[in-house]
Amino acid sequence: MRSDLHFLKGPAGASACEGQDGDCIRCGAICVERFPVLKRLVNGHRLVYLDSAATAQKPEGVIAAQARYYRRHNANVHRGMHTLASEATDLYETCRRRTARFLGVTRPEQVIMTNGATGALNLAAFGLRHTLNPGDEILLTEMEHHANLVPWIKLARQEGLLLRHIPVTDDGRLDLGALPEMLTDRTRIVSLTHASNVLGTINPVAEIAAAAHKRGAVVIVDAAQSVGHMPVDFDALGVDLLAFSAHKVYGPMGLGFLVGTPEILSRLEPVEFGGEMIETVTLDDATWADVPHRFEAGTPNVAAAAAFPAALDLIEEATLERIRTHEIQLTGYALETLSAFDELTIYGPDDPSQRGGLVSFHDAKIHPHDLAQLLDARGVAVRAGHHCAQPLHRRLGVVATARASFGLYNSHDDIDAMADAIRYAREVFA
Amino acid sequence: MIGEMDELYREVILDHHRAPRGSAVIDTPDLEAEGKNPSCGDELTLKLRLDGDCVVEVSAVTCGCAIATASGSILAELVTGRTLAEVRQLADAFREHMHGDGDELPDELDPGDLDILTSVRRFPARIKCALLPWMTALEAIASHTQDRPVGVSTTEV
Amino acid sequence: MRSDLHFLKGPAGASACEGQDGDCIRCGAICVERFPVLKRLVNGHRLVYLDSAATAQKPEGVIAAQARYYRRHNANVHRGMHTLASEATDLYETCRRRTARFLGVTRPEQVIMTNGATGALNLAAFGLRHTLNPGDEILLTEMEHHANLVPWIKLARQEGLLLRHIPVTDDGRLDLGALPEMLTDRTRIVSLTHASNVLGTINPVAEIAAAAHKRGAVVIVDAAQSVGHMPVDFDALGVDLLAFSAHKVYGPMGLGFLVGTPEILSRLEPVEFGGEMIETVTLDDATWADVPHRFEAGTPNVAAAAAFPAALDLIEEATLERIRTHEIQLTGYALETLSAFDELTIYGPDDPSQRGGLVSFHDAKIHPHDLAQLLDARGVAVRAGHHCAQPLHRRLGVVATARASFGLYNSHDDIDAMADAIRYAREVFA
Amino acid sequence: MIGEMDELYREVILDHHRAPRGSAVIDTPDLEAEGKNPSCGDELTLKLRLDGDCVVEVSAVTCGCAIATASGSILAELVTGRTLAEVRQLADAFREHMHGDGDELPDELDPGDLDILTSVRRFPARIKCALLPWMTALEAIASHTQDRPVGVSTTEV
């Protein structure tokens, strides 16, 4: 019996748990019932949400925490000397502490709150501008999301830097054989994704970081697709900076994080300027507040910060180990299910244990946009397009792919529903 | 709403996608333009033969999704026999329509199957697919009347 | 009988309305009952929230809209081809349209969504960087918030620009006599606040914009303290760019706006890079999507955008005219009440009709921080500090002030409560 | 929580704010430092006279809020008679305490009125006010022991 059926079918806390120990998320009392949106009908069908890599659905705890913040505590933070402001500040800083703990980060001050992974990666790139000189090299990969490509393209133009890219092999991995040659004395920064949002590939970040550090390069990891889906330990990865978004981790929108070592954060320059991030301002001069506040100009999204810990609660209740096992199972089942279709190309490594919880594919007969649309007619939500990774798609030789991506609420049933819908779409196009 | 998209696909796809109109081979077009939708990768080559100001033959070759292909096919069907001014009027009206919230295109434009594409509006990402051939036509006409070189038009409108 | 007592005391939609026509907000059925946080007790007292200039409280409609978004529609926007994504996109773009209409802006594309006023002002400043040359002058004022000072200080350092500041007169107005001399042929940008967050002063933006445009300068207005409190018509102001935050307009946190003329927006360069803002990306090059999308990199705060129209609904129900009248009355009453205290300095113009809804003051005997703390002991929330306007405070000759600021839910009773609390604080310090 | 802050004010203010300790005039201090809290504007001049390693006289003149003034006054009271090492130990413990969540400072430090300032923790913006004199003392001691020039310390810790 497949592990996930239990928690899919029963309401939260239902009596018997038939799963084997440790691989059934319902054992941890996590249940699709906790995600209100999953009760929706779409075009008359049960919503089968397979787009968590774009944004994850939110458990009721997160939704309620955000509402409770506005109903009880709403205020601006830090400078306030009234009760609401002190409560808001406390909630805001609690989010920082919880996130630090979640990632095994020693000091909460190492966690900068931004408006998203994109904001975090832009801060990383442009905040290191003053450390770069013309001719310096930035090493990226061919499988990056635009958020980890375009800031560097812009910076390279402005500062005369050279961009290099670790190539992607035909089976969707980084070609690490090329690494020694690509890491040079001029490599100042290595920035790469932890898990590809198209191929699923999990990259050996710790290994690459160690090699890069030997060359004296700063290492940045885009963890938008890994945090919340697998254990991520900042210190163990050994990188200098790590970026991700709360909304992909079952948390609220409008909140992201840049985590850094104390050393790199002391060298990073702010890129947004205004209130809260200063120490002293005159008409012509300003000095910065301490890390991390100097990177958090203006009124932050306190409501989102007040809600995010509820997402971490859920994950810690399910445990990252079980979530990871679950996603590997789903990915394996998806790979198996999709392989049964003829004229359908699947991208990325074969081994599900080397992938994050998503599968991209291309139907030779149906354009991905049409496929996504017809799947939606059956209630199945997948994404189609270049998934903000145009260069990778060019490398794959297609303009667009369809992508099914998983969260802890997905089940084998969902993948069966997708397969049915693909069969239906093929009928329409037959 | 239920089933609206399958309806669309069943109606438009079966007809226009499988047998697109406008597949004439035109070696010496009077008007020609390429359209491209960078975010989707849809591409279209549009060629028109004119008699005076009147379109007499159309070639619209689309490489892309079924919506773009069908829209190109509908275009080929609809513009044959119209003057360039009329084509422009129809294209403008269709663009307005796709960005607006009206139910149908005015009857006097004789919009044929075009109204069928209205349901695409629910999916903003696909509006561009439906508009691609029409924006390309507008681009072709503009460069013809102003005698400027034909560029690649995109549907970022 | 004072106009506001009605809507303060009765529940929403209560029977008799005793207010005169047009000056009673309850006539418009707006009621403190709609703001859940206002039912709170703070230190055993009714919460008297007088810190709306820092952040406004949220009506239940906004809180519920945001929760409903997460419970029903949550998805990433634009690229999605499934039902949830199309609904999310629709909600997101509806926010843009509603905001455009609210400000009398002709085309929705003129409205850029950011994470706040600070983000919007940074985009304005750094997005115009390429239009500036060493020696160019930027004209600001002495009463700016740090959000409209520090970006310019940074930019001036980087590009060799000269910053000039319209001085503030002793009665807290801009010294417009100095304007002709300060606006020179080298003035490229004039950026100023619509309403001061410390003095309350409403600046003659239209007049200054006209003079600046004669010199060919670009005009930016920081409308963080005016939008939602008084009628603000973008076209009538005649500025090129206008910035504000949703959270100060009874809306959610993590959302702001930069509104611009089509002409300036076509010249503005993006300052944040990633997904959604591009047209085509290769490994070494990128082209931008259309305005406004090119300024909205990454996953936007769709939940906040889905909720903000509920705040505009409330304002439109109350009408900006009535809100403005109400705030003038409250400000007048606050000025009158505070004037009765000896050794207490009040800042800004005497005439409440020339001020926004806030009053800053300084008690000669009690440090503002102590005062705010003791007021809080009585449930009265005011802010104390430099209110992110250190240069202005230097000009006023004090390090910090206390500030009471008003929203449509405040009443004369609230000001009486503040006066009582000040008397109490003076007793403690006696 | 109710009334906690008024209690604090009634206890600490009435005593220390109205009659701050440490108002001795010290013309030739052995140790001297200025503290500044840029965001609040609180300022403090701290002067110590030593006998060997032991503090014998303190002048702590605060220009700022009552919390900073009271904290300076408590400092003047508490450090007189302690060695520099003891002062540093107390200041470090107080900083930890204000950023932590413990209820009281360890008895063996003999913290006197210092525990009273604990309730300030609820208001992060005011923690700096309470810490200002102590951070300034640490700065003064550090520059004394390392023989480096005394800078202006800030409470941004």
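Structure notes:
Letters A, B, C and D name the chains as they come in the text, with residue numbers starting at 1 for each one.
As a working rule, a residue touches a chain if its C-beta (ideal position, glycine included) is under 8 Å from a C-beta of that chain, and two chains touch if they have at least 3 such contacts.
The structure presented is a predicted model; accordingly, all values stated were derived computationally and were not measured.
Farthest from chain C, judged by the mean position of CA atoms in each chain, is B.
Among the pairs B-C and C-D, the greater number of C-beta contacts is found at C-D.
One simple way to say how far apart two chains are is to compare their mean CA positions; for chain B and chain C this gives 45 Å.
The geometric centre of chain A is 32 Å away from that of chain C, both derived from CA atoms. Chain geometry summary: the mean Cα position of chain A and that of chain B are 38 Å apart. For chain D, residues that reach two or more other chains under the stated contact definition are 39, 123, 125-126.
Across the assembly, chain A contributes residues 43, 79-81, 83, 85, 280, 369, 373, 376, 385 that each touch 2 or more other chains.
Partner chain B is touched in their complex by these residues of chain A: 43-44, 366-370, 373-374, 376-377, 385-386, 399-400, 428-429. For chain B in complex with chain C, the touching residues are 38-39, 122-126, 154, 156-157.
Across the complex, chain C is touched by residues 1-3, 5-6, 9-10, 13, 17, 39-41, 64-67, 123, 125-126, 129 of chain D. Contacts from chain A toward chain C in the complex involve residues 36-37, 40, 42-43, 47, 49, 51, 54-55, 57-58, 62-64, 66-67, 70-76, 79-85, 115-119, 121-122, 140, 142, 145-147, 149-151, 153-154, 156, 163, 165, 245, 247, 252-255, 272-278, 280-286, 297-304, 369, 372-373, 375-376, 380-385, 387-388, 390-391, 394.
Looking at the complex, you find that chain A touches chain D at residues 78-81, 83, 85-86, 89-90, 93, 279-280, 287, 289-290.
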